[in-house]
Amino acid sequence: MFRHTKMLQFEAKPEKPDAVYAHKLQELIGGAFGEMTVTMQYLFQGWNCRIEGKYKDLIMDTATEEIGHVEMLATMVARLLEGAPATATAESVKDPVMAAVLGGMDPQQAIVAGGGALPADSNGYPWNGKFIVASGNLLADFRANAAAEAQGRLQTARLYNMTDDPGVKAMLKFNLARDTVHQKQWLRAIEELEADGLETDIAPSALFDEEDQVHNNTIWHLSDGPDGNKGGWSTGEDRIEYLMDPKPLGGPGTAPKPDPALYATYSPTQDTVGTIKGKAQSAKNKLS
Amino acid sequence: MFRHTKMLQFEAKPEKPDAVYAHKLQELIGGAFGEMTVTMQYLFQGWNCRIEGKYKDLIMDTATEEIGHVEMLATMVARLLEGAPATATAESVKDPVMAAVLGGMDPQQAIVAGGGALPADSNGYPWNGKFIVASGNLLADFRANAAAEAQGRLQTARLYNMTDDPGVKAMLKFNLARDTVHQKQWLRAIEELEADGLETDIAPSALFDEEDQVHNNTIWHLSDGPDGNKGGWSTGEDRIEYLMDPKPLGGPGTAPKPDPALYATYSPTQDTVGTIKGKAQSAKNKLS
Amino acid sequence: MFRHTKMLQFEAKPEKPDAVYAHKLQELIGGAFGEMTVTMQYLFQGWNCRIEGKYKDLIMDTATEEIGHVEMLATMVARLLEGAPATATAESVKDPVMAAVLGGMDPQQAIVAGGGALPADSNGYPWNGKFIVASGNLLADFRANAAAEAQGRLQTARLYNMTDDPGVKAMLKFNLARDTVHQKQWLRAIEELEADGLETDIAPSALFDEEDQVHNNTIWHLSDGPDGNKGGWSTGEDRIEYLMDPKPLGGPGTAPKPDPALYATYSPTQDTVGTIKGKAQSAKNKLS
Amino acid sequence: MFRHTKMLQFEAKPEKPDAVYAHKLQELIGGAFGEMTVTMQYLFQGWNCRIEGKYKDLIMDTATEEIGHVEMLATMVARLLEGAPATATAESVKDPVMAAVLGGMDPQQAIVAGGGALPADSNGYPWNGKFIVASGNLLADFRANAAAEAQGRLQTARLYNMTDDPGVKAMLKFNLARDTVHQKQWLRAIEELEADGLETDIAPSALFDEEDQVHNNTIWHLSDGPDGNKGGWSTGEDRIEYLMDPKPLGGPGTAPKPDPALYATYSPTQDTVGTIKGKAQSAKNKLS
Amino acid sequence: MFRHTKMLQFEAKPEKPDAVYAHKLQELIGGAFGEMTVTMQYLFQGWNCRIEGKYKDLIMDTATEEIGHVEMLATMVARLLEGAPATATAESVKDPVMAAVLGGMDPQQAIVAGGGALPADSNGYPWNGKFIVASGNLLADFRANAAAEAQGRLQTARLYNMTDDPGVKAMLKFNLARDTVHQKQWLRAIEELEADGLETDIAPSALFDEEDQVHNNTIWHLSDGPDGNKGGWSTGEDRIEYLMDPKPLGGPGTAPKPDPALYATYSPTQDTVGTIKGKAQSAKNKLS
Amino acid sequence: MFRHTKMLQFEAKPEKPDAVYAHKLQELIGGAFGEMTVTMQYLFQGWNCRIEGKYKDLIMDTATEEIGHVEMLATMVARLLEGAPATATAESVKDPVMAAVLGGMDPQQAIVAGGGALPADSNGYPWNGKFIVASGNLLADFRANAAAEAQGRLQTARLYNMTDDPGVKAMLKFNLARDTVHQKQWLRAIEELEADGLETDIAPSALFDEEDQVHNNTIWHLSDGPDGNKGGWSTGEDRIEYLMDPKPLGGPGTAPKPDPALYATYSPTQDTVGTIKGKAQSAKNKLS
């Protein structure tokens, strides 16, 4: 069960409105790596965690914080939109910079949300449940978490460079810091899983013996770039082998004879079509 | 530019058809972490890579391999569907196990694809471009790659346990092995980025100094689980501090006065609604 | 900012597992009127509320409760899936009822979530941000809230009839009760908006005078059903008029002459194509 | 079965083109509460209506009208786009206001539709079937209808304020009027359902006795706003009780022991991970 | 403007209910080539048609018919679901064939629609606006129409083979016939466009002279199949040339130097990374 | 299996950057008829082809080429974005034309892709698997291919007119040419299918005799346009008959009595609601 206080985790006050920036900031709310994603990702991971204690508690602490991040950003967007020329008509706008602002606004922030944030990204695409990862395997999921926090911090950093507003920058500095610590904690938690003997470096550790023991250590050279084998991965005792001219291991990829009731095109008396011209019983004849 | 051979990278021949399994196998084709995802993820990363040489070449080698994995799985699905009772009617099915097979099939594999694979997951949801990550920052992207390969191998391992067919199991053993080496190579490439001085452990490394230096090393205890601070992340010199009773840093989250032309509900003469009953100029009056 | 306790708002313990029911229960988690929808709908409405006090506080109280409902349902799903025959192979299943269970399971609950809930509906379609409504106009939004709670309670009632499990039924009785009070509170809040003089019965109350005063009180009879005008809406002083044989008020719906650079099919010398055969300068001639 | 006349229900002629406005107007065509939504919502409700007579006829009359509204708006968009600088190049545009128009246009109206309307909203997101509600329960559905008409009229009112064009304003005045009468008719039809004894104020009326009779009349105070209990809903004989410091009713939300074949992270010999460091049988050991 | 009669275009009465078939029939309602698609495709094409007369009238006649097809199918689904064991519990089902029926039903037809049709396909994916094509170019659009009718008839034929019910088969025979005539009419209309000199065989006919005149008549042999040049397309006066060993015409595909403010990984002093190990100014150093 | 060379199929070098055009060019990458669509459409058609030889080889040759087209366009987008004012702030932009450029950029190309292409269309909607067609019936699929190439070439032609850049125009001339030959080859392949006796002009040719032989040759006149019967399709020996005043063939479209456990609104004692006022047992009474 959850409780809420009206106090924001960190202040979210722009010095002045900026409707074009409010448009871009949607990416951090409802984008694939926005705050809605980490909120839901950590909540579902926590609820589905099969092991009580430090891991689950860390997940739930972080999940609960992230709901508050959506709150900060939604508040910031509403404030950035204050006084936005949402209803200025093309006709009435004589100032070209104002005209450009009109073009750069998110029409739905005005028409749909009445001057507020949307659960969508900076191109208006709605947040959806496929953005999250919660598999029950903590190694696989913590990797996804570290990756999500990295993408999220990267996008925050890009957006940090797209504004001069001291209020916005102050909040984003806080967000950058939180993304940093979250990246760090998931990386540390991955080490912990191994230290606890729960997982190894390959997720999931099971089935490792059963899998093909040759093909799990070779890189297939299938693009003509000459340098793939010049990385550190090609050196050392545990190097990965680079197959420079790999050959297919399987036979031709063919599909079986179709079910006639599904009407895939097929010539029942011949394997290949190249030779059947003139011989086939014309389906058209059947129609006449 | 690309070239194709009909030979499959690895053999994809089931011992016998299994329409219910063909349904489940869709997850590895068009699911969020299926082969279409890694194909497109690596292709876009490669095309957008800003640094020629070993990294880009490794990406393109792997991307090119993955297209062939979609091919193997699509071929396998078509073969698993051979002779499927796609057009058996509910009426005609007297054998209850066969009836159950009918219920467990993917209707679109028959109706839409004519007995073949779909670019969709095991619930029929189509693959989409939001499944991929290609940010231009190689640390952030390689993390996402290692995470995707981990989820992909996990799903492959689960599916490996859902079949007894030796032909299917043989192909999945190969796939497991490829997922293992791909996990490994992205982890090694992450180390390489640091060794090359291109990125550090936090993505992106830039803006680190500018971000808040207190808030980037604290975990906020916001869920009542008592054990969050008992992990390795809370120990050692570079430990992360656990704030056991954190307080909000910001003020109340309020939205500004709305633009009247957008008709958000608002009482212009009062801050709070709780006290205005009876006083407000009824909007209804204006209508009469 | 939010805080979390591990205690569930209400108990969520099935008497025994039921994987087919766990599949159906997804509708209440990630469906269009599931708990994720009301959570996000109320959160965005609250954050975007322009009037401090009783309305906003009611919204935020309810929003915060709903996050806990997703938690209850996700927990229930994980428990219903305990011991599910997720990895039973078609081969190994001899019991026809068990075979049917296999067909009725959600493949992604096993393959993707490892035996847990998904942020998706009962057909595997992911929850998305278009499911919510948060316009800033409280009358329009409270109507949407009452409607959402009605659909949600209806679906809960249907699902209540699809199980015999006393543990599941106990939780759903609680959910039904919460949906009842939430329906009631939004209906009461709609009355309050009018009592406070903030909104009238038509949303938004503004522009009412400016709109067409004839066409805002007529129903157009455009389907041959004879009884549309036999409802209470056709009687009384404030009856709505039924136009029994309405005529179009506008002229023909035509599209203007196209921009040649966009290549819409058009004959520049003629208005209608019916008469130009043989006269037109063949575009094909230009090619030869 | 349906029939069509070319005459529009109301005139749709702008005084002059306005490509930026044509972009915004997409919201009323293919947005979540646009005309495609009410068209399909009413059609499916009508086709699925279980009770012949006045309700079904009212639904079908309104559904049939709405198809014509999509027609009016699509025609208006095509006319607003006449002569739009769709193919002006960035290079050639020297006039800054014209440059801004280019930025504010919907690229797909030109590239995809050749200067016409799209079945999409003002951010280019396509209309989809999840936007509609048709449950078979008329109370729940009429509530959804009144809510949809309220959101639709709100958006129309916002768009009315975003143009000066007399032709556009004339059409939108008609649309506002139709939205008004449709709101009114669904509200009246809700009263009628109760008068007919078919439904009560809570949807669905069934299961009411069976649900928890305490929890269906309490609001849980879970956010620190002090005013939630100051509304009319907290007064009078049928007041809803405000629980000022509610406690969770359930136990901790835990997930059961996982199926080993699904590889959720789990320590089989311990309940909590916090104490197992050093003891667990390392999965890694199994690999070596 | 549209009008509606309750009479169906053709009878839609199954001999008896069949809930599993009702699930599959969704494909013809809300699938990518279902009746909702052709309805909306033809409506938007008609509204956007730039040339009055025979073409537009044919489009609008067909569009109007298709709305009635959705109606027939939705009615059929509701009837097929009559008496469906929607609320039978897993517990109560002892008959294995009945158990299988439960598994094969669409859960949302019961939970969401109350025993009726959904605007979705046979996997529960909602219909969306991207399924339609309306470009303004009649040749391109009529090709799309003929293609859509072909896919639609193919799916109808497959579904025809999946039922024994005489009532369903009668309706599908009618549908097959309508799909046949619609295929035929669009093929005839394509011929008419050429006869009228409005379009040629390549859409759009414009820009033909300007395009590359060598590369518009060669097939690149990029897959090792030996038979691509054995078709009729490789013979005759207007044959297409088969380039058996084509070489890339462009240089390497490289991306430019990135904007530093976007943090793509890049080494400013070197073109390739392979040689910079040890030399690069470590970004990490900057952090310490 | 696939192989890749870094050399582009054709050169992709703009003369200078143009961020607004890079936004529009997304349509050709990830739009419904962009290069990702034809890539995946042909790959799935090829993998699912049931007839070895010339058809399958032609499909696979073309599929393989199309992957390279995505590559060319993605490379072009990255180059067009070089030096784009992605991080210019609204504040800092004084030049109105530059301001307009900011408004016309795709925010995600900067924030998400770091200055590169996205797997999305020009409105930011992600590519998805529903864009493709691969039914197994070659006639139906080749029609879809010819239609897709026509729409693709049309969009390319429109985009060709939206730029003055000689480098972009050169690449688009090549693309136009490839679209031309691909249109041509699928049209030729359709003729070949008939020549080979594999399919006729109506897809699928099967079931033709069984379908209704009257209704497969009539156009229903359901819109008041007078000219639908003035086309070539209404003349000649194989003319299609125009039914000028068609009557419905079916009875009224009614839905059956609902399952009470699903709570559709229904009056069990009456067929129509119009007469039951006052008589019905009030559901409300049951609650009191």
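Here the chain labels run A, B, C, D, E and F in written order, and each chain numbers its own residues starting at 1.
The rule is simple: a residue touches a chain if its C-beta (ideal position, glycine included) is under 8 Å from a C-beta of that chain, and two chains touch if they have at least 3 such contacts.
Keep in mind it's a predicted model, so treat the numbers as computed, not measured.
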Which of D-E and B-D has more C-beta contact pairs: D-E
Chain copies touching (chain E, chain F) - same or different residues, decided at half shared: same
Averaged-CA centre spacing for the pair chain E and chain A, given as whole angstrom: 26
Whole-Å gap separating chain B and chain E, where each centre is the average of the chain's CA atoms: 25
For chain B, residues contacting two or more additional chains: 1-9, 32, 47-48, 53-55, 60, 63-65, 71, 75, 78, 86-87, 96-97, 99-100, 102-104, 110, 112, 114-116, 120, 123-126, 128, 130, 135-137, 139, 154-155, 157-158, 161, 195, 204, 206, 208, 222-223, 225, 227, 230, 248, 253-258, 261-264, 272, 274
Chain C contact footprint on chain B (complex, rising order): 18, 20-21, 23-24, 27, 31-32, 96-97, 99-104, 121-125, 154-155, 158-159, 161-165, 222-225, 248, 253-258, 262-267, 271-274, 276-277, 280-287
Chain E-facing residues of chain F, complex: 5-12, 32, 52-58, 60-65, 71-72, 75, 78-79, 82-84, 86-87, 110, 114-116, 125, 128, 130-131, 133, 135, 137, 139-140, 143-144, 146-147, 150-151, 153-155, 157, 160, 173-174, 176-178, 180-181, 183-185, 187-189, 191-192, 195, 201-204, 206-208, 210-223, 225-233, 240, 247-259, 261-264
Residues on chain D engaged by chain F in the complex (per definition of touch): 1-6, 47-55, 86-94, 96, 99-100, 102-104, 106-108, 110-112, 114, 120, 123-126, 135-139, 193-201, 204-206, 208-209
Residues on chain D engaged by chain B in the complex (per definition of touch): 154, 157-158, 161, 227, 230, 261-263, 272, 274
Partner chain A, residues of chain C touching it in the complex: 1-9, 30, 36, 40, 43-44, 47-48, 60, 63-65, 67-68, 70-71, 74-75, 78, 112-120, 126-130, 132, 134-137
